[in-house]
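Letters A, B, C and D mark the chains as written, and numbering starts fresh at 1 in each.
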Amino acid sequence: MNLADFSEHFVVRLPHTDAAGVIFYAKIFEIEEELFERWLELGGFSVGAMLDRRLAPTPIVHCSADFRKPVRVGDRLTTRLAGIDIGRSGYTLAWVFLINGELAMSAKVKRVAIDPEAGEAVDLPEQFRAWLEETQSRTGRLS
Amino acid sequence: MNLADFSEHFVVRLPHTDAAGVIFYAKIFEIEEELFERWLELGGFSVGAMLDRRLAPTPIVHCSADFRKPVRVGDRLTTRLAGIDIGRSGYTLAWVFLINGELAMSAKVKRVAIDPEAGEAVDLPEQFRAWLEETQSRTGRLS
Amino acid sequence: MNLADFSEHFVVRLPHTDAAGVIFYAKIFEIEEELFERWLELGGFSVGAMLDRRLAPTPIVHCSADFRKPVRVGDRLTTRLAGIDIGRSGYTLAWVFLINGELAMSAKVKRVAIDPEAGEAVDLPEQFRAWLEETQSRTGRLS
Amino acid sequence: MNLADFSEHFVVRLPHTDAAGVIFYAKIFEIEEELFERWLELGGFSVGAMLDRRLAPTPIVHCSADFRKPVRVGDRLTTRLAGIDIGRSGYTLAWVFLINGELAMSAKVKRVAIDPEAGEAVDLPEQFRAWLEETQSRTGRLS
(Lines give C-alpha, C1' and ligand atoms only; values in the text may rest on other atoms or scores of the structure.)
Protein backbone atom coordinates (compact mmCIF):
# COMPACT_ATOMS: atom_id res chain seq x y z
CA MET A 1 0.00 0.00 0.00
CA ASN A 2 1.27 3.42 -1.00
CA LEU A 3 2.02 5.37 2.18
CA ALA A 4 1.30 8.78 0.65
CA ASP A 5 -2.32 8.25 -0.40
CA PHE A 6 -3.11 4.69 0.75
CA SER A 7 -3.57 3.55 -2.82
CA GLU A 8 -3.21 -0.03 -3.92
CA HIS A 9 -3.58 -2.12 -7.06
CA PHE A 10 -5.88 -5.05 -7.15
CA VAL A 11 -6.89 -7.54 -9.86
CA VAL A 12 -10.44 -8.91 -9.92
CA ARG A 13 -10.46 -12.73 -9.85
CA LEU A 14 -13.08 -15.37 -10.62
CA PRO A 15 -14.22 -15.82 -6.99
CA HIS A 16 -15.13 -12.12 -6.85
CA THR A 17 -17.64 -12.54 -9.66
CA ASP A 18 -21.00 -14.23 -10.16
CA ALA A 19 -22.93 -15.71 -13.08
CA ALA A 20 -23.95 -12.22 -14.22
CA GLY A 21 -20.31 -11.84 -15.26
CA VAL A 22 -19.52 -9.00 -12.86
CA ILE A 23 -18.33 -8.61 -9.29
CA PHE A 24 -20.81 -9.98 -6.74
CA TYR A 25 -21.71 -6.94 -4.71
CA ALA A 26 -20.80 -8.29 -1.25
CA LYS A 27 -17.23 -8.88 -2.43
CA ILE A 28 -16.47 -5.15 -2.33
CA PHE A 29 -16.44 -5.49 1.46
CA GLU A 30 -14.03 -8.43 1.43
CA ILE A 31 -11.69 -6.23 -0.61
CA GLU A 32 -12.34 -3.36 1.80
CA GLU A 33 -11.29 -5.58 4.72
CA GLU A 34 -8.05 -6.44 2.91
CA LEU A 35 -7.38 -2.71 2.35
CA PHE A 36 -8.34 -1.89 5.93
CA GLU A 37 -5.90 -4.48 7.30
CA ARG A 38 -3.08 -3.18 5.07
CA TRP A 39 -3.82 0.37 6.22
CA LEU A 40 -3.81 -0.79 9.87
CA GLU A 41 -0.42 -2.44 9.37
CA LEU A 42 1.02 0.71 7.78
CA GLY A 43 0.26 2.42 11.09
CA GLY A 44 1.79 -0.36 13.15
CA PHE A 45 -1.52 -1.94 14.16
CA SER A 46 -3.18 -5.24 13.20
CA VAL A 47 -6.40 -7.20 13.44
CA GLY A 48 -4.35 -9.84 15.28
CA ALA A 49 -3.64 -7.30 18.05
CA MET A 50 -7.38 -6.57 18.26
CA LEU A 51 -8.21 -10.29 18.54
CA ASP A 52 -5.53 -10.71 21.25
CA ARG A 53 -6.94 -7.70 23.11
CA ARG A 54 -3.67 -5.75 22.88
CA LEU A 55 -5.75 -3.12 21.05
CA ALA A 56 -9.45 -2.34 21.43
CA PRO A 57 -11.30 -4.18 18.65
CA THR A 58 -13.33 -2.01 16.31
CA PRO A 59 -16.27 -4.01 14.91
CA ILE A 60 -18.28 -2.63 12.03
CA VAL A 61 -21.51 -0.82 12.83
CA HIS A 62 -22.38 0.51 9.38
CA CYS A 63 -21.32 -0.01 5.79
CA SER A 64 -22.45 1.16 2.40
CA ALA A 65 -21.33 0.88 -1.20
CA ASP A 66 -22.12 2.36 -4.60
CA PHE A 67 -21.65 0.57 -7.91
CA ARG A 68 -21.20 2.78 -10.98
CA LYS A 69 -19.68 0.55 -13.65
CA PRO A 70 -19.53 -3.19 -14.25
CA VAL A 71 -16.34 -4.72 -12.80
CA ARG A 72 -15.17 -7.92 -14.50
CA VAL A 73 -12.61 -10.71 -14.11
CA GLY A 74 -9.13 -9.43 -14.89
CA ASP A 75 -10.03 -5.78 -14.35
CA ARG A 76 -7.18 -3.94 -12.68
CA LEU A 77 -8.59 -1.75 -9.94
CA THR A 78 -6.78 1.15 -8.39
CA THR A 79 -8.09 1.64 -4.88
CA ARG A 80 -7.51 4.69 -2.71
CA LEU A 81 -8.58 5.93 0.67
CA ALA A 82 -10.75 8.91 -0.27
CA GLY A 83 -11.37 10.35 3.19
CA ILE A 84 -11.90 9.60 6.84
CA ASP A 85 -14.16 10.79 9.64
CA ILE A 86 -13.08 10.50 13.27
CA GLY A 87 -15.45 10.51 16.25
CA ARG A 88 -14.95 9.75 19.94
CA SER A 89 -15.31 5.96 19.58
CA GLY A 90 -15.95 5.53 15.90
CA TYR A 91 -14.24 6.24 12.60
CA THR A 92 -15.33 5.89 9.01
CA LEU A 93 -13.07 5.05 6.09
CA ALA A 94 -14.21 5.82 2.53
CA TRP A 95 -12.57 3.93 -0.33
CA VAL A 96 -12.82 4.46 -4.08
CA PHE A 97 -12.18 1.81 -6.73
CA LEU A 98 -11.13 3.08 -10.15
CA ILE A 99 -10.68 1.37 -13.53
CA ASN A 100 -8.53 3.33 -15.97
CA GLY A 101 -8.92 6.40 -13.80
CA GLU A 102 -12.73 6.27 -13.75
CA LEU A 103 -14.75 5.62 -10.62
CA ALA A 104 -16.23 2.11 -10.76
CA MET A 105 -17.28 1.55 -7.13
CA SER A 106 -16.96 3.11 -3.71
CA ALA A 107 -17.40 1.85 -0.15
CA LYS A 108 -17.75 3.47 3.25
CA VAL A 109 -17.30 1.51 6.49
CA LYS A 110 -17.79 2.75 10.05
CA ARG A 111 -16.02 0.91 12.86
CA VAL A 112 -16.40 1.61 16.59
CA ALA A 113 -13.91 0.81 19.37
CA ILE A 114 -15.44 -1.39 22.04
CA ASP A 115 -14.60 -3.02 25.32
CA PRO A 116 -15.15 -6.62 24.24
CA GLU A 117 -16.09 -7.78 27.79
CA ALA A 118 -18.73 -5.12 28.34
CA GLY A 119 -19.69 -4.92 24.68
CA GLU A 120 -19.77 -1.14 24.99
CA ALA A 121 -18.20 1.65 22.98
CA VAL A 122 -14.99 3.10 24.42
CA ASP A 123 -12.86 6.08 23.44
CA LEU A 124 -10.50 5.37 20.57
CA PRO A 125 -7.08 4.39 22.00
CA GLU A 126 -4.75 7.43 21.92
CA GLN A 127 -2.07 5.96 19.64
CA PHE A 128 -4.70 4.68 17.26
CA ARG A 129 -6.37 8.11 17.20
CA ALA A 130 -2.99 9.61 16.28
CA TRP A 131 -2.82 7.26 13.29
CA LEU A 132 -6.38 8.18 12.28
CA GLU A 133 -5.44 11.87 12.41
CA GLU A 134 -2.26 11.35 10.45
CA THR A 135 -4.33 9.48 7.87
CA GLN A 136 -6.87 12.28 7.76
CA SER A 137 -4.13 14.86 7.25
CA ARG A 138 -3.25 13.06 4.00
CA THR A 139 -6.70 12.14 2.71
CA GLY A 140 -9.05 14.78 4.07
CA ARG A 141 -12.42 14.44 5.75
CA LEU A 142 -15.46 12.80 4.24
CA SER A 143 -17.47 15.27 2.22
CA MET B 1 -40.50 -17.82 2.69
CA ASN B 2 -43.72 -16.72 4.37
CA LEU B 3 -45.95 -15.16 1.71
CA ALA B 4 -47.71 -12.80 4.11
CA ASP B 5 -44.72 -10.83 5.39
CA PHE B 6 -41.76 -12.32 3.47
CA SER B 7 -40.24 -13.64 6.68
CA GLU B 8 -37.82 -16.52 6.80
CA HIS B 9 -35.75 -18.41 9.34
CA PHE B 10 -32.05 -18.73 8.96
CA VAL B 11 -29.28 -20.32 11.05
CA VAL B 12 -25.82 -18.70 11.12
CA ARG B 13 -23.11 -21.17 10.11
CA LEU B 14 -19.33 -21.24 10.48
CA PRO B 15 -18.61 -19.81 6.98
CA HIS B 16 -20.62 -16.69 7.87
CA THR B 17 -18.28 -15.91 10.75
CA ASP B 18 -14.70 -14.73 11.16
CA ALA B 19 -11.99 -15.07 13.81
CA ALA B 20 -13.63 -12.33 15.89
CA GLY B 21 -16.32 -14.94 16.60
CA VAL B 22 -19.15 -13.02 14.92
CA ILE B 23 -20.64 -12.73 11.45
CA PHE B 24 -18.22 -11.23 8.92
CA TYR B 25 -19.98 -8.07 7.83
CA ALA B 26 -20.02 -8.75 4.06
CA LYS B 27 -21.94 -11.97 4.66
CA ILE B 28 -25.14 -10.04 5.42
CA PHE B 29 -25.32 -9.34 1.68
CA GLU B 30 -24.90 -13.00 0.72
CA ILE B 31 -27.86 -13.72 2.99
CA GLU B 32 -29.72 -10.78 1.44
CA GLU B 33 -29.18 -12.25 -2.03
CA GLU B 34 -30.63 -15.57 -0.84
CA LEU B 35 -33.68 -13.75 0.55
CA PHE B 36 -33.98 -11.62 -2.59
CA GLU B 37 -33.98 -14.73 -4.81
CA ARG B 38 -36.63 -16.44 -2.64
CA TRP B 39 -38.75 -13.29 -2.79
CA LEU B 40 -38.33 -13.14 -6.61
CA GLU B 41 -39.45 -16.77 -6.89
CA LEU B 42 -42.52 -16.14 -4.73
CA GLY B 43 -43.57 -13.62 -7.40
CA GLY B 44 -42.88 -16.03 -10.26
CA PHE B 45 -39.55 -14.44 -11.26
CA SER B 46 -35.97 -15.67 -10.99
CA VAL B 47 -32.35 -14.62 -11.37
CA GLY B 48 -32.11 -17.34 -14.02
CA ALA B 49 -34.70 -15.48 -16.13
CA MET B 50 -32.63 -12.29 -15.74
CA LEU B 51 -29.45 -14.08 -16.85
CA ASP B 52 -31.28 -15.58 -19.85
CA ARG B 53 -32.65 -12.13 -20.73
CA ARG B 54 -36.28 -13.23 -20.38
CA LEU B 55 -36.50 -10.50 -17.73
CA ALA B 56 -34.54 -7.25 -17.50
CA PRO B 57 -31.64 -7.85 -15.10
CA THR B 58 -31.53 -5.55 -12.09
CA PRO B 59 -27.93 -5.13 -10.92
CA ILE B 60 -27.20 -3.51 -7.58
CA VAL B 61 -26.35 0.18 -7.54
CA HIS B 62 -26.31 0.80 -3.80
CA CYS B 63 -26.30 -1.20 -0.60
CA SER B 64 -25.99 -0.46 3.09
CA ALA B 65 -26.19 -2.34 6.36
CA ASP B 66 -26.31 -1.65 10.10
CA PHE B 67 -25.00 -3.98 12.77
CA ARG B 68 -26.56 -3.63 16.24
CA LYS B 69 -25.76 -6.85 18.09
CA PRO B 70 -23.12 -9.56 17.70
CA VAL B 71 -24.41 -12.46 15.58
CA ARG B 72 -22.77 -15.83 16.29
CA VAL B 73 -22.59 -19.40 14.94
CA GLY B 74 -25.82 -21.23 15.64
CA ASP B 75 -27.87 -18.05 16.13
CA ARG B 76 -31.34 -18.46 14.68
CA LEU B 77 -32.21 -15.33 12.74
CA THR B 78 -35.70 -14.32 11.79
CA THR B 79 -35.51 -12.20 8.67
CA ARG B 80 -38.32 -10.05 7.28
CA LEU B 81 -38.82 -7.64 4.44
CA ALA B 82 -39.34 -4.38 6.33
CA GLY B 83 -40.29 -2.12 3.43
CA ILE B 84 -39.79 -1.32 -0.21
CA ASP B 85 -39.36 1.76 -2.37
CA ILE B 86 -40.29 1.71 -6.06
CA GLY B 87 -38.98 4.15 -8.66
CA ARG B 88 -39.17 4.23 -12.47
CA SER B 89 -36.20 1.90 -13.02
CA GLY B 90 -35.05 1.15 -9.52
CA TYR B 91 -36.39 -0.43 -6.36
CA THR B 92 -35.00 -0.78 -2.85
CA LEU B 93 -35.66 -3.67 -0.50
CA ALA B 94 -35.04 -3.24 3.24
CA TRP B 95 -34.53 -6.36 5.35
CA VAL B 96 -34.33 -6.77 9.11
CA PHE B 97 -32.60 -9.62 10.93
CA LEU B 98 -33.86 -10.39 14.43
CA ILE B 99 -32.59 -12.67 17.20
CA ASN B 100 -35.22 -13.55 19.81
CA GLY B 101 -37.37 -10.70 18.53
CA GLU B 102 -34.63 -8.07 18.86
CA LEU B 103 -33.12 -6.27 15.90
CA ALA B 104 -29.57 -7.56 15.32
CA MET B 105 -28.82 -6.29 11.79
CA SER B 106 -30.53 -4.60 8.86
CA ALA B 107 -29.72 -4.25 5.17
CA LYS B 108 -30.97 -2.08 2.34
CA VAL B 109 -30.25 -2.88 -1.32
CA LYS B 110 -31.17 -0.82 -4.38
CA ARG B 111 -31.38 -2.59 -7.74
CA VAL B 112 -32.01 -0.93 -11.12
CA ALA B 113 -33.46 -2.54 -14.26
CA ILE B 114 -31.11 -2.21 -17.20
CA ASP B 115 -30.89 -3.05 -20.87
CA PRO B 116 -27.81 -5.29 -20.66
CA GLU B 117 -26.71 -4.50 -24.26
CA ALA B 118 -26.84 -0.74 -23.84
CA GLY B 119 -25.93 -0.83 -20.17
CA GLU B 120 -28.61 1.78 -19.52
CA ALA B 121 -31.47 1.98 -17.07
CA VAL B 122 -34.89 1.00 -18.43
CA ASP B 123 -38.38 1.19 -16.97
CA LEU B 124 -39.20 -1.66 -14.64
CA PRO B 125 -41.05 -4.39 -16.62
CA GLU B 126 -44.80 -4.06 -16.03
CA GLN B 127 -45.38 -7.51 -14.51
CA PHE B 128 -42.39 -7.07 -12.26
CA ARG B 129 -43.65 -3.64 -11.15
CA ALA B 130 -46.98 -5.29 -10.27
CA TRP B 131 -45.12 -7.72 -7.99
CA LEU B 132 -43.19 -4.83 -6.40
CA GLU B 133 -46.49 -3.03 -5.72
CA GLU B 134 -48.12 -6.14 -4.30
CA THR B 135 -45.06 -6.54 -2.06
CA GLN B 136 -45.29 -2.91 -0.98
CA SER B 137 -48.96 -3.30 -0.14
CA ARG B 138 -47.95 -5.92 2.44
CA THR B 139 -44.76 -4.40 3.83
CA GLY B 140 -45.15 -0.65 3.44
CA ARG B 141 -42.74 1.95 2.09
CA LEU B 142 -39.32 2.67 3.48
CA SER B 143 -39.46 5.21 6.25
CA MET C 1 -32.63 -32.58 6.95
CA ASN C 2 -34.28 -35.95 6.42
CA LEU C 3 -33.44 -38.14 9.42
CA ALA C 4 -33.60 -41.41 7.46
CA ASP C 5 -30.93 -40.72 4.87
CA PHE C 6 -29.60 -37.27 5.77
CA SER C 7 -30.89 -35.84 2.51
CA GLU C 8 -31.65 -32.18 1.99
CA HIS C 9 -32.81 -29.86 -0.76
CA PHE C 10 -30.77 -26.87 -1.71
CA VAL C 11 -31.13 -24.16 -4.38
CA VAL C 12 -28.01 -22.71 -6.01
CA ARG C 13 -27.89 -18.92 -5.67
CA LEU C 14 -25.91 -16.17 -7.38
CA PRO C 15 -23.16 -15.97 -4.71
CA HIS C 16 -22.35 -19.67 -5.31
CA THR C 17 -21.50 -18.96 -8.95
CA ASP C 18 -18.75 -17.18 -10.86
CA ALA C 19 -18.42 -15.45 -14.23
CA ALA C 20 -18.14 -18.82 -15.99
CA GLY C 21 -21.85 -19.18 -15.17
CA VAL C 22 -21.45 -22.23 -12.94
CA ILE C 23 -20.80 -22.90 -9.27
CA PHE C 24 -17.37 -21.70 -8.12
CA TYR C 25 -15.65 -24.88 -7.01
CA ALA C 26 -14.78 -23.81 -3.44
CA LYS C 27 -18.46 -23.20 -2.71
CA ILE C 28 -19.16 -26.94 -2.55
CA PHE C 29 -17.37 -26.90 0.80
CA GLU C 30 -19.45 -24.01 2.15
CA ILE C 31 -22.51 -26.09 1.31
CA GLU C 32 -20.84 -29.14 2.90
CA GLU C 33 -20.32 -27.16 6.12
CA GLU C 34 -24.02 -26.22 6.15
CA LEU C 35 -24.96 -29.90 5.69
CA PHE C 36 -22.41 -30.99 8.32
CA GLU C 37 -23.86 -28.55 10.87
CA ARG C 38 -27.43 -29.72 10.16
CA TRP C 39 -26.29 -33.35 10.54
CA LEU C 40 -24.53 -32.47 13.85
CA GLU C 41 -27.72 -30.85 15.14
CA LEU C 42 -29.80 -33.90 14.20
CA GLY C 43 -27.57 -35.85 16.60
CA GLY C 44 -27.89 -33.27 19.36
CA PHE C 45 -24.46 -31.69 18.78
CA SER C 46 -23.40 -28.31 17.40
CA VAL C 47 -20.43 -26.29 16.23
CA GLY C 48 -21.29 -23.86 19.03
CA ALA C 49 -20.63 -26.62 21.59
CA MET C 50 -17.26 -27.26 19.93
CA LEU C 51 -16.34 -23.57 20.07
CA ASP C 52 -17.39 -23.41 23.75
CA ARG C 53 -15.30 -26.54 24.47
CA ARG C 54 -18.32 -28.52 25.66
CA LEU C 55 -17.43 -30.94 22.87
CA ALA C 56 -14.00 -31.70 21.37
CA PRO C 57 -13.68 -29.61 18.20
CA THR C 58 -13.04 -31.56 15.01
CA PRO C 59 -11.12 -29.41 12.54
CA ILE C 60 -10.74 -30.50 8.94
CA VAL C 61 -7.56 -32.31 7.96
CA HIS C 62 -8.47 -33.34 4.42
CA CYS C 63 -11.12 -32.58 1.84
CA SER C 64 -11.77 -33.48 -1.78
CA ALA C 65 -14.48 -32.94 -4.37
CA ASP C 66 -15.42 -34.13 -7.84
CA PHE C 67 -17.38 -32.10 -10.36
CA ARG C 68 -19.28 -34.06 -13.02
CA LYS C 69 -21.88 -31.68 -14.43
CA PRO C 70 -22.20 -27.90 -14.59
CA VAL C 71 -24.28 -26.55 -11.68
CA ARG C 72 -26.08 -23.25 -12.36
CA VAL C 73 -28.08 -20.55 -10.58
CA GLY C 74 -31.52 -21.83 -9.71
CA ASP C 75 -30.55 -25.51 -9.93
CA ARG C 76 -32.30 -27.53 -7.24
CA LEU C 77 -29.77 -29.88 -5.71
CA THR C 78 -30.69 -32.95 -3.72
CA THR C 79 -27.87 -33.67 -1.31
CA ARG C 80 -27.40 -36.89 0.63
CA LEU C 81 -24.86 -38.37 2.99
CA ALA C 82 -23.47 -41.23 0.89
CA GLY C 83 -21.28 -42.91 3.48
CA ILE C 84 -19.06 -42.42 6.51
CA ASP C 85 -15.77 -43.78 7.78
CA ILE C 86 -14.99 -43.79 11.49
CA GLY C 87 -11.47 -44.01 12.97
CA ARG C 88 -10.11 -43.53 16.50
CA SER C 89 -9.90 -39.73 16.31
CA GLY C 90 -11.10 -39.00 12.82
CA TYR C 91 -14.20 -39.47 10.70
CA THR C 92 -14.95 -38.84 7.05
CA LEU C 93 -18.32 -37.81 5.64
CA ALA C 94 -19.03 -38.29 1.92
CA TRP C 95 -21.81 -36.22 0.35
CA VAL C 96 -23.39 -36.46 -3.09
CA PHE C 97 -25.16 -33.62 -4.90
CA LEU C 98 -27.75 -34.64 -7.49
CA ILE C 99 -29.72 -32.68 -10.10
CA ASN C 100 -32.82 -34.48 -11.35
CA GLY C 101 -31.50 -37.72 -9.89
CA GLU C 102 -28.13 -37.50 -11.64
CA LEU C 103 -24.85 -37.06 -9.82
CA ALA C 104 -23.54 -33.52 -10.38
CA MET C 105 -20.87 -33.21 -7.67
CA SER C 106 -19.54 -35.06 -4.64
CA ALA C 107 -17.43 -34.06 -1.63
CA LYS C 108 -15.53 -35.92 1.04
CA VAL C 109 -14.34 -34.24 4.24
CA LYS C 110 -12.23 -35.73 7.04
CA ARG C 111 -12.39 -34.15 10.47
CA VAL C 112 -10.28 -35.12 13.51
CA ALA C 113 -11.14 -34.59 17.18
CA ILE C 114 -8.47 -32.56 18.95
CA ASP C 115 -7.61 -31.23 22.35
CA PRO C 116 -7.58 -27.53 21.43
CA GLU C 117 -5.05 -26.62 24.16
CA ALA C 118 -2.50 -29.27 23.18
CA GLY C 119 -3.41 -29.16 19.50
CA GLU C 120 -3.25 -32.96 19.45
CA ALA C 121 -5.67 -35.61 18.24
CA VAL C 122 -7.83 -37.24 20.92
CA ASP C 123 -10.22 -40.19 20.84
CA LEU C 124 -13.65 -39.30 19.52
CA PRO C 125 -15.95 -38.52 22.48
CA GLU C 126 -18.10 -41.57 23.28
CA GLN C 127 -21.50 -39.99 22.70
CA PHE C 128 -20.31 -38.48 19.46
CA ARG C 129 -18.93 -41.85 18.32
CA ALA C 130 -22.37 -43.35 19.03
CA TRP C 131 -23.92 -40.78 16.68
CA LEU C 132 -21.29 -41.54 14.01
CA GLU C 133 -22.11 -45.25 14.30
CA GLU C 134 -25.84 -44.63 14.16
CA THR C 135 -25.21 -42.54 11.04
CA GLN C 136 -23.09 -45.28 9.50
CA SER C 137 -25.80 -47.85 10.17
CA ARG C 138 -28.09 -45.83 7.89
CA THR C 139 -25.65 -44.73 5.18
CA GLY C 140 -22.99 -47.43 5.04
CA ARG C 141 -19.22 -47.15 4.92
CA LEU C 142 -17.25 -45.36 2.26
CA SER C 143 -16.47 -47.62 -0.66
CA MET D 1 4.59 -14.22 -8.65
CA ASN D 2 8.17 -15.38 -8.82
CA LEU D 3 8.85 -16.65 -12.33
CA ALA D 4 11.50 -19.17 -11.26
CA ASP D 5 9.44 -21.29 -8.86
CA PHE D 6 5.95 -19.73 -9.02
CA SER D 7 6.18 -18.69 -5.39
CA GLU D 8 4.17 -15.88 -3.90
CA HIS D 9 3.61 -14.22 -0.54
CA PHE D 10 0.17 -13.96 0.91
CA VAL D 11 -1.22 -12.60 4.19
CA VAL D 12 -4.24 -14.28 5.79
CA ARG D 13 -7.06 -11.78 6.40
CA LEU D 14 -10.21 -11.83 8.54
CA PRO D 15 -12.54 -12.99 5.71
CA HIS D 16 -10.41 -16.13 5.28
CA THR D 17 -11.11 -17.19 8.86
CA ASP D 18 -14.08 -18.46 10.85
CA ALA D 19 -15.18 -18.40 14.49
CA ALA D 20 -12.79 -21.26 15.31
CA GLY D 21 -10.05 -18.64 14.84
CA VAL D 22 -8.40 -20.36 11.88
CA ILE D 23 -8.76 -20.35 8.10
CA PHE D 24 -12.12 -21.71 6.92
CA TYR D 25 -11.16 -24.73 4.88
CA ALA D 26 -12.92 -23.78 1.61
CA LYS D 27 -10.86 -20.56 1.47
CA ILE D 28 -7.74 -22.48 0.45
CA PHE D 29 -9.38 -22.89 -2.96
CA GLU D 30 -10.14 -19.18 -3.30
CA ILE D 31 -6.44 -18.57 -2.69
CA GLU D 32 -5.60 -21.36 -5.16
CA GLU D 33 -7.71 -19.63 -7.82
CA GLU D 34 -5.81 -16.37 -7.23
CA LEU D 35 -2.50 -18.24 -7.59
CA PHE D 36 -3.78 -20.11 -10.65
CA GLU D 37 -4.78 -16.84 -12.35
CA ARG D 38 -1.39 -15.25 -11.59
CA TRP D 39 0.35 -18.34 -12.99
CA LEU D 40 -1.86 -18.18 -16.12
CA GLU D 41 -0.94 -14.52 -16.63
CA LEU D 42 2.80 -15.28 -16.25
CA GLY D 43 2.37 -17.54 -19.29
CA GLY D 44 0.45 -14.94 -21.27
CA PHE D 45 -2.98 -16.49 -20.69
CA SER D 46 -5.97 -15.36 -18.63
CA VAL D 47 -9.34 -16.46 -17.32
CA GLY D 48 -10.79 -13.56 -19.31
CA ALA D 49 -9.55 -15.18 -22.54
CA MET D 50 -11.24 -18.42 -21.46
CA LEU D 51 -14.52 -16.63 -20.77
CA ASP D 52 -14.32 -14.86 -24.15
CA ARG D 53 -13.61 -18.20 -25.85
CA ARG D 54 -10.24 -17.06 -27.18
CA LEU D 55 -8.81 -19.99 -25.20
CA ALA D 56 -10.51 -23.28 -24.30
CA PRO D 57 -11.88 -22.94 -20.77
CA THR D 58 -10.59 -25.47 -18.26
CA PRO D 59 -13.20 -26.05 -15.56
CA ILE D 60 -12.28 -27.94 -12.41
CA VAL D 61 -13.09 -31.64 -12.26
CA HIS D 62 -11.34 -32.55 -9.02
CA CYS D 63 -9.77 -30.81 -6.06
CA SER D 64 -8.31 -31.83 -2.73
CA ALA D 65 -6.53 -30.21 0.19
CA ASP D 66 -4.64 -31.17 3.33
CA PHE D 67 -4.45 -29.08 6.48
CA ARG D 68 -1.45 -29.67 8.74
CA LYS D 69 -1.20 -26.62 10.98
CA PRO D 70 -3.66 -23.96 12.12
CA VAL D 71 -3.48 -20.86 9.89
CA ARG D 72 -4.52 -17.60 11.56
CA VAL D 73 -5.24 -13.94 10.73
CA GLY D 74 -2.04 -12.12 9.94
CA ASP D 75 -0.06 -15.27 9.14
CA ARG D 76 2.30 -14.69 6.24
CA LEU D 77 2.07 -17.64 3.89
CA THR D 78 4.65 -18.50 1.31
CA THR D 79 2.95 -20.37 -1.50
CA ARG D 80 4.71 -22.34 -4.22
CA LEU D 81 3.75 -24.53 -7.13
CA ALA D 82 5.05 -27.93 -5.98
CA GLY D 83 4.44 -29.95 -9.13
CA ILE D 84 2.24 -30.43 -12.15
CA ASP D 85 0.78 -33.37 -14.08
CA ILE D 86 -0.17 -33.00 -17.73
CA GLY D 87 -2.61 -35.28 -19.57
CA ARG D 88 -4.26 -35.04 -23.00
CA SER D 89 -7.09 -32.74 -21.89
CA GLY D 90 -6.41 -32.29 -18.22
CA TYR D 91 -3.70 -30.92 -15.96
CA THR D 92 -3.23 -30.88 -12.21
CA LEU D 93 -1.48 -28.17 -10.24
CA ALA D 94 -0.24 -28.90 -6.71
CA TRP D 95 0.39 -25.96 -4.38
CA VAL D 96 2.02 -25.84 -0.97
CA PHE D 97 1.43 -23.17 1.67
CA LEU D 98 4.23 -22.64 4.19
CA ILE D 99 4.48 -20.60 7.40
CA ASN D 100 8.05 -19.89 8.49
CA GLY D 101 9.27 -22.57 6.13
CA GLU D 102 6.98 -25.29 7.52
CA LEU D 103 4.19 -26.88 5.52
CA ALA D 104 0.83 -25.63 6.80
CA MET D 105 -1.53 -26.64 3.98
CA SER D 106 -1.47 -28.05 0.47
CA ALA D 107 -3.96 -28.15 -2.40
CA LYS D 108 -4.25 -30.06 -5.65
CA VAL D 109 -6.62 -28.99 -8.43
CA LYS D 110 -7.32 -30.80 -11.72
CA ARG D 111 -8.71 -28.77 -14.62
CA VAL D 112 -9.80 -30.14 -18.00
CA ALA D 113 -9.98 -28.27 -21.32
CA ILE D 114 -13.48 -28.40 -22.80
CA ASP D 115 -15.40 -27.29 -25.82
CA PRO D 116 -17.95 -25.13 -24.01
CA GLU D 117 -20.65 -25.66 -26.68
CA ALA D 118 -20.43 -29.44 -26.68
CA GLY D 119 -19.48 -29.66 -23.00
CA GLU D 120 -16.86 -32.26 -23.92
CA ALA D 121 -13.17 -32.60 -23.17
CA VAL D 122 -10.81 -31.44 -25.92
CA ASP D 123 -7.04 -31.69 -26.33
CA LEU D 124 -5.15 -29.00 -24.47
CA PRO D 125 -4.44 -26.11 -26.88
CA GLU D 126 -0.88 -26.39 -28.18
CA GLN D 127 0.43 -23.06 -26.86
CA PHE D 128 -1.12 -23.73 -23.49
CA ARG D 129 0.46 -27.21 -23.39
CA ALA D 130 3.83 -25.57 -24.08
CA TRP D 131 3.33 -23.37 -21.01
CA LEU D 132 2.34 -26.40 -18.92
CA GLU D 133 5.53 -28.17 -20.03
CA GLU D 134 7.69 -25.15 -19.33
CA THR D 135 6.09 -25.00 -15.89
CA GLN D 136 6.74 -28.69 -15.32
CA SER D 137 10.39 -28.30 -16.32
CA ARG D 138 10.77 -25.90 -13.37
CA THR D 139 8.60 -27.59 -10.74
CA GLY D 140 8.68 -31.29 -11.56
CA ARG D 141 5.87 -33.82 -11.78
CA LEU D 142 3.51 -34.71 -9.00
CA SER D 143 4.92 -37.47 -6.84
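Everything below uses one rule, namely that contacts are C-beta pairs under 8 Å (C-beta built on N, C-alpha and C of every residue); 3 or more make two chains touch, one makes a residue touch a chain.
Everything quoted here is computed from the prediction, not taken from an experiment.
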Both-way neighbours, i.e. chains that touch chain D and touch chain C: A, B
Maximum centroid distance from chain A, chain identifier (CA atoms): C
Higher-contact pair (C-beta pairs counted), A-C versus A-D: A-D
Geometric centre distance via CA averages, chain B-chain A, whole Å: 24
Chain centre separation in whole Å, for chain C relative to chain A (CA means): 34
Distance from chain D to chain A - Cα centre to Cα centre, in angstrom: 28
Per-residue multi-chain contacts in chain D, two or more chains: 14-15, 19-22, 24, 26, 30, 33, 47, 51, 72-73
Touching residues (chain side chain A, partner chain C) in the complex: 14-15, 17-22, 24, 26, 72-73
Complex contact set, residues of chain B against chain C: 11, 13-15, 21, 30, 33-34, 37, 46-48, 51, 72-74
Of all residues in chain D, those that touch chain C in their complex: 19-20, 22, 24-30, 33, 47, 50-51, 57, 59-68, 70, 109, 119
